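Encoded as structure tokens, the structure appears first; notes follow it.
Labels for the chains are A, B and C, by order of writing; each one numbers its residues from 1.
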């Protein structure tokens, strides 16, 4: 196995440095939100991990298309890695949301459409692994997993569209000026976008590392060196 | 009729067919011989366009097989399974296939198929009541009902009793005389030696030899293989 | 004859074959029907429904029951093609293999609609709310249409798995979420007296799902079936 590519090492180091840096930014740089208080600071990582989760599912579907057109297993490894990492980010988003909900809504969970659909989408991507585990040959596994990842990415926006038609109690952050549920101060915005960037870097780093693991596994299974 | 070049097919990264090339001219009656697991079934399924190869080219009458679905009309395929619905009768199953192939005068063709397979007394019973041999006989007629010019048969004798097997040999001989091209995979190929014209030997995913039956003795391994496999 | 007519005839042939198998064996629709009636009665027990609650739940009950019952039909319809490798027989047909998708979707839709049309008066009878409204029929047709499209695609995936008997619902329900949300919301709206105009967003969403999943089947079905 070749050594880690330089860019991946850079990403590793960047992730290790930037995550605590973002945390410092959030804890000490941003002001406390007027009504919610300190717990509002969960919001930065909450949105960032939700974003990273979504992005990785798009990557998985893109890799699925890549596999179906080239039939090169590398795309399958990428797709699998992206779903695996995406599921973890999704769990982080849900858990951090619950931590926020407890003091604000006074319960860990409410059956709000937004929350419910997010949870079901998490299950949707867990099913991806169930599907893979039941398929016998590598080729069938890669082909059908790719199809499933593509169909999933078609469904997710439809689900989001459907909950837009509901009245939700989940705060709406990204909206035309004036209609958002709370307005961020400039410092909040800095921390917000910084979190998004940091989580995107972390996502790329994790997917890439997981991809290398998949490549190594394939090599072992082939009995090569 | 068929030209196969550099065909590759892997299952679980294990090569079943490896750079396989084979040409079969129109009107040939070719026996495909090879040990169990040599890839005979996979090759026939690829030629029937049921399995897509990883790489390589299959030309049917100079046209790429996988590019045009309507080419499949020229192919008759008989596999290990009957491809029939157990709840439907012989008549209904054949009518379904007549519709899939879009046959005109289908009634007449179906009647002929059923007569030919000797199942007229049973034609309205559900297929699940048929024996293995009866299903196999009907399945052969199904493969022939749209008058294909290329016939792909995978172990056609399996499940047949002695009489039916002899009948099948005669049927294949007649089809060959009518100009049909045949590729028949047979684990025990001796019984086809009288009617076939060529033999192709599939070993480790490749066609290692293809000869006319007169030249069989030129390839000692193949000759003894065909005559000794029991 | 043009290629397109041949294509439609193949779709029609597959549909007729499924209807005939169902007529001979009667192993799909009756099972779906009895199952959905059982669900309706069990729900009533399990949730200890008071009369006021009952009428509010009618639309949700209709869609949950239909979603469950359709899974049985889809599984049965896919299993039919596994027996004797009959699916390979369909794949031999000299037309594009998306015809198989449309043929199977059509027969799955027919059996699910049949169950729905029996279920609607049944729920009306037992839950004291009239479900027999033209607008609701429209929603049921749109909803089951999109649902069986998606279900047919996924059943072609699940039959290739070792866990085929249990896999389909797990694949189908999360992906069918937008369909089920839109269909049950539109139904609830209709039952509470809203007009179709007021509910047009939900109807458009159902239509969008139907179109997207039809396109998916058209483009990907051959890829799903190939070995």
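One rule holds for everything that comes next: contacts are C-beta pairs under 8 Å (C-beta built on N, C-alpha and C of every residue); 3 or more make two chains touch, one makes a residue touch a chain.
None of these values were measured; they are calculated from a predicted model.
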Farthest chain relative to chain A (centres taken as mean CA coordinates): B
Chain whose Cα centroid lies nearest the overall Cα centroid: C
Centroid distance [mean C-alpha coordinates] between chain B and chain A, Å: 51
Between chain A and chain C, centroid-to-centroid distance (C-alpha), Å: 31
Chain B and chain C, separation of their C-alpha mean positions in angstrom: 38
Two or more partner chains touched - positions in chain A: none
Set of chain C residues in contact with two or more other chains: 226-227
Multi-partner residues of chain B (each touching 2 or more other chains): none
Chain B residues within the chain C interface of the complex: 45, 48-52, 69-73, 75, 77, 79-88, 92, 96-97, 99-102, 126
Chain A partner contacts - residues on chain B that touch it in the complex: 10-13, 54
Touching residues (chain side chain A, partner chain B) in the complex: 71, 137-139, 221-222
Complex contact set, residues of chain A against chain C: 68, 113, 117, 120-121, 123-124, 127, 130-131, 133-136, 140, 143-144, 147-148, 150-152, 154-155, 158-159, 161-163, 165-166
Parts of chain C lying in touch with chain A, wherever the complex brings them together: 150, 153-154, 157, 160-164, 167, 170-171, 173-175, 177-178, 181-182, 185, 201-202, 205, 208-209, 212-213, 216, 220, 223-224, 226-227
